[in-house]
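Shared between the two complexes below is subunit A, which pairs with subunit B and subunit C, respectively.
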Partner chain A sequence: MKVLYPEHIPAFFTALASRFELRLPVMLSDGTRTIGSLEDGPIALMGGAVPGKPTAAFFPQQGPVFTAVEGAVLPSSDQANRLFVAGFTGRDIDCLRFIDRFFADGWRDDIYFRQRAGAVIAGVSGYCGPGGALLPLIGGGCDLEFVCDGKCWLVLTYSQAGEGIAAELPDTDAEEVLHQIRIESLTAANEGDELIQRASQLLRANRVPDSFWSEIGDRCISCTGCNLACPTCTCFGVQDWRYANNIERSRMWDSCQLDGFMREASGHNPLGSEALRTRRRIHHKLAADPERWGEISCFLCGRCDVVCPTGIGILAVAMEMVDRFEQETIR
Partner chain B sequence: MTMFPLSVHNSTQSLYVPLDCEIVAVSDLTPNEKLFRLRLPEGGALGHSPGQFVQVSLLGWGEAPISVSSSPTRDGYFELGVRRAGSVTSAMHQLVVGDTIGIRGPYGRPFALDKLRGRDLLLISGGCGLAPMRSLIQYCEDRTEEFGRLTILYGAKSVEDTLFKDDLTAWEASSRFACSRTVDRITGGGSCYSGNVGLITALIPPLEIDCTITVAVIVGPPVMYRFVIEELKKKGLTSAQIVVSLERHMRCGVGKCGHCTIEHLYCCQDGPVFWLNEVEHLRGAL
Partner chain C sequence: MKRTLTVCPYCGTGCSFYLVSDGGRLVGVEPSTTHPVSRGGLCVKGWNAFAFVHHSDRLTTPLIRRNGTLTPASWDEAIGLVVDRLRSIQQRHGYDSVMFSSSAKATNEENYLLMKLARAVFATNNIDHCARLCHSSTVFGLAETFGSGAMTNSISCFDQTDLILVIGSNTTEQHPLIGTRILNAAQRGAKLIVADNRRIRLARHADLHLRHKNGSDVALINGMMHVIITEGLMDRLFIEQRTENYAALAANVADWTPERAAALTGLEADEIVAAARMFAAAGRAMIVYSMGITQHSHGVDNVRCCAALSLLTGNLGRPGTGVNPLRGQNNVQGGCDMGALPDVYSGYQKVADPLQRQKFARAWGVSTLPERAGLPLTHAMDAAASGLLRGMFIMGENPLLSDPDQAHARHALENLELLVVQDIFLSETAAMADVVLPAACYAEKEGTFTNTERRIQRVRKALDPPGEALADWEIICALAERAGYGGMRYSGPSQVMDEIASLTPIYGGIAYDRLDRHGLQWPCPGKSHSGTPILHMESFTRGLGRFSPASYRPPAEAVDDEYPFVLTTGRTYFHWHTGTMTRRTHLLDREERTAFVEIHPDDAGRLDVRDRDELLVASRRGEIRVAARLTAMVVPGVVFIPFHFAEGAANALTNNVLDPESAIPEFKVCAVRIRRVV
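Take a look at the complex of A and B:
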């Protein structure tokens, strides 16, 4: 097993920057943790999940589809250097696996895979959550994992790329500590997992009435924060930008919480009320995606519950659904 | 459900890069709708089936999903009936013969011709719905021996809003089709019109339908479906004998952008053509 000591972190990642384009948890000057480059601020592996979606490394808020110069279309270019993206929690890795599957299915989304192909994914776990809280071990699905044992970072590798990156790090014999973290990870099962399953079952059994969505819709202010923070939200719009010498077609995140999201040129709007839009956001993750993909597409990263100013993130809504409609059935 | 990845974009460098094609003819269908005849490089075939759509791309304006209005049996070109309803289609209406536009596609699940062959077909469309329906009608016209009785019903808001007037006249005169049309109301420009006035649903009760061999195909504005389906069910057709083509705003056409979902279905991939029994239970489908 390899180890990365805190004092070696800057040098380790600086060395990697010659081979990869780095995206790491960093601390911005305003105190915000985000995934950025070494130039954006000091590395901040500690602190748990970053507030923004880490999947943005491959599906950015806005990115080019192509550029047209004098009518000639030039597709967006390949990533110059392979990406190295660190900061994924175990839940984030699940999200990444889901959107990899989504973008690969049917028509393979070449824009996504230009960024994603060959990228190295590094997870974080151990005692690096807020206030040193435990983030459960990931155990795979990424190339390497940095496990905080409270003092330093144990480095676990799961691929050839991960082994190559960790090869120069010193060895350590920390099996006992790792075993302890593994045990704690197993017992730290999130009760949200069961809750979200129960909410999904209620939705799929059509046991949540429209009046509930009207209530939740009334609390929504359409800020779109939920969608913008969600690592499995992949909806996008397309916009052409006209410049003096070229035209750029770009795509950018869109939100199903906006009135115009599904509105057609004819004026027909299948999501014409906040109640319908709120239902769509939750139903899509908990009922539609299980139907289509065989799994719930909310992996309980918690971001929408953190950002929602009115308390209707997916976990909060799931809790309310279960409280109200499981009880009604039992009665 | 089946997807149809036979698409012209396979020859381009990216899924999202359109292919240029030339406008070889433009004609006015109504004051607000035009028919564009397009030709791919080297006159290549679009490779579509009736019911599919393309993403029309105008640099600087964006993209819009447009149904193909012509049958693949008509070689060397394809046609798009385009209503001026947004920035892309408004810009497209300014184009003339010789100009080029980009297209991606064809996309979507077409009409299941293998399941329509040998059947009596009741082809019901309203408003712009005649644009995709025309592709199927032309296909039936060109492969007439493959189908049973062919009945066309079309409803428009007014005489001025009636699309493909010349085609309708030809289909009415053809011994191969029983074609009826109606307009919701007579307005200023319709003083010479002597046909039916009223909703398209009024054309259904007089029909003699053999429910054992008939399939009804409906393409129209969202408000039309429920009422037409009700009339068809009164005639004894079941949901397994009714086909609908649903309108949604497909931004990407390839099941990625999320704007055309109907519960777990992606209209651009799993549709736009559905058997009624696949979607009638889904919230917001009809």
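Take a look at the complex of A and C:
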């Protein structure tokens, strides 16, 4: 097993910058954490999931699709260097796996995979959550994993790329510590999962009345933050800008919380109220995706609950649903 | 990838986010998670605030009208032409024959510099900006009653209050992140009174929703104060120790029985009594208002009433209380603070005061400064229409869409000998100009904005402006230099702020190195002062809080058989003012693509109108075609039209009647007729 000591972190990642385009958890000037570059601020592996979705490395909020010049269509350019993206929690890795499936299914999203293919993914786990809380061990689905044991970072590798990156690091014998983290992770990993399963069952059994969604919808200001922060939200819009000598097509993250998202050409909208749109957002993740993909597509990364200014992120709504409608049935 | 911390360019809430750029192109935003106002969230406009910046319509070179057509020109030629023609007009018609219109979208430094340019270089106090159209009645009314025309409390106070009275503010749509504080307050059990006849989102959460008639706010609040005094619910100690002129207020509201107020407001007397009791019973009560209070021919009286209600109940100078006008634009507070107003220098220091004139003249290196107050923007348009004003320099505003009575505004602008517009897009007003100067947008320059809670915050440059566009401050300095004035040479906006701080006591402690994280709230008089979240804590800025009694005056234009509907105007959630930025933002434009009129289904039924029918809406001043939107959001007899759309311009209909004290137009009430286009 390899180990990365805190004092070696800057040098380790700086060395990687010659081979990769780096995206790492960093601390910005006002204390906001993000997955950015070394120039953005000091590396900040501690602190848990970053507020923005880490999958933005492969599909930014807005990015080019193609440029049309005098009849020729030029695709958006490839990433110059391979991406190295660190900072995925275990739940983020689940999200990544889900959208990899999504973007590969049927019509393969070549723009996404131009960034994603060949990218090295590094997870973080161990005692590096908020205030040193435990983030469950990931155990795979990425190329390597940095496990915080409270003092330093144990480095676990799961692919050749991961092994290559960790090769130069010193060895350590920390099996006992790792075992302890693994045991603790087994309990921590399930927190919230049961709740979301129960919420999903309520929805699929049609036990949540429309009046509930009206209440939730009344608290939604359509900021779209829930969608824009969600790593498994994949919907996007497309726009064309006509310049003097060329036309640029770009695409941007879209939101099912917007009226225009589902509006038909006739002007009719089958989801014409906040209540219906809020219902759809949660229903899609907890009831529709299990039908199509065989799993709930909310992996409880927590971002929508953090970004929502009125407290109606998916976990909050699921808790309210379970509180109110499981009890009602029992009564 | 690069991340640049900055402030949202839309409303006055002052949310903070990082602009994310890649290879000189913006690719998104990320909210600041530590910011005390936005706390990791944004509204839909904030999330999309990057998306217009690279639009292909951006102005990239100066334009000069030649043979009727705007054609590209060099900066040298354009700057020379502007200065020469302004000078020429002044030589023939006097210094006050030109007007400078500053911008609540521009930075503090730019507002200060345009103010300095007008006064020190062109020797006129004819400088104003769109605060005239939104909160001039607040500045007047609260200065009179409290001594300071700004929001008394902080946005964090919503987390501490027991009651919020929202009157004339659609907060979740117009100041969305403040709106969410109110929603959260209601959720935790704070009382919420919404006084607005539109059934806005907040009304769905309100303990009381008062749907009073447009323009009847004075009657409503006088009625509430009558109940409070009659039932002995006022804060006697506060009145005694902290206020003056109470007897006059008590006398004024003595005959404002709930029944009398009910007759004028269209409410039940019981509703007024209930509102009064609920407000007075709260330990900490906040009043929140916006354009529904200010944009009336009696806007100052409305503000006086809000101030009096808070004074009467002792709801000032403490956390969770206050009179909280929500400033509309990102930097409309700053535009006022910087003296982009006809009667004051920065920090509300009066031009009529010889000592102030002397202070600024000395600092600016000029022998004299003009002493007579200049023209308010609304009067300037009248003066242009009548030929008294000959030249106008407009920075970042679009009066052809935003001013009342569009035909009048068009005539005024057409009547000018010289119209110069400095902007980021060729707005409807810019398209009429003789000279157009291309400016950098907020993402392309350094500076500061001051939000509604008086928080001065850094705006930072994420990328270069397109083509030859320059920051507004650079253009203003170039104009000054060409006019032969050597007092506007700065290394950058930071140095401008140092000058502002040296001349402006309320900004005295402001310097860029002190604003790095989350800014400072003025008054901040010294470099070691940590800013002032709540005004009037120990004493009011003017000493004692003054009760200013207000008499009821109806709106200037009443409905009649010919024009049977009340038209009220405003904004939608997805667009910003005249749409120059939001209509060029894909997702926002998609949400609201066309002009519409909200009409109650009962009225629509009577007119045989169905949803999305094309309607012709006409007032005594003009007519427009807009799509019908049938909704119970409005009450029967009242229609609402947003003013974003050039092709269905609400301000073709509005009434250019002004409040006599603040010169704010009555955007909120005029009479219209409606028919279906067949």
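Definition applied: the second predicted complex is superposed on the first by the 328 of 331 C-alpha atoms of A that agree within 3 Å, B and C clash if a C-alpha of one lies under 4 Å from a C-alpha of the other, contacts with A are read in each partner's own complex, and residues count from 1 in each chain.
By definition in this document, a residue touches a chain if its C-beta (ideal position, glycine included) is under 8 Å from a C-beta of that chain, and two chains touch if they have at least 3 such contacts.
The structure displayed is predicted, hence computed values, not measured ones.
With subunit A as the common reference, subunit B sits beside subunit C without any clash. Of the two partner chains, subunit B is the only one that A:284 touches; subunit C does not reach it. Judged by the touch definition given at the top, the superposed model places A:75 against subunit B, while subunit C stays out of reach.
Vertex at the C-alpha centre of subunit A, arms toward the centres of subunit B and subunit C: the angle is 80 degrees, rounded to a multiple of 10. Of the two partner chains placed by superposition, only subunit B is touched by A:105; subunit C is not.
Contacts of A:7 after superposition on the shared chain: neither subunit B nor subunit C is touched. In the superposition on chain A, A:262 contacts subunit B only, with no contact to subunit C. In the superposition on chain A, no contact is made by A:171 with either subunit B or subunit C. By the touch criterion defined above, A:239 lies against subunit B and subunit C together after alignment on the C-alpha atoms of chain A.
With chain A fitted onto itself, subunit B and subunit C come no nearer than 10 Å, counting C-alpha atoms only. For the contact definition in use here, the residues of subunit A common to its subunit B contact set and its subunit C contact set are 237, 239, 242, 254. Interface of subunit A with subunit C (complex): residues 23, 28-34, 36-37, 39-40, 51-52, 56, 60-63, 218-219, 221-225, 228, 237, 239, 241-244, 252-255, 258-260, 267, 306-311. Subunit A makes touch with subunit B in their complex at residues 65-66, 68, 71, 73, 75-76, 102-103, 105-111, 234-240, 242, 247, 249, 251, 254, 256, 261-266, 268, 270-271, 276, 280, 283-284, 287-289, 291-292. Looking at the complex, you find that subunit B touches subunit A at residues 3, 5, 13-18, 59-64, 83, 85-86, 89, 102, 128, 221-222, 247-249, 251-252, 254-265, 269, 284. Partner subunit A is touched in their complex by these residues of subunit C: 1-3, 5, 16, 18, 20, 22, 26-35, 39-44, 46-47, 50-51, 54-56, 172-173, 176-177, 179-180, 183-184, 187, 201, 204-205, 516-518, 573, 586-587, 590-591, 612.
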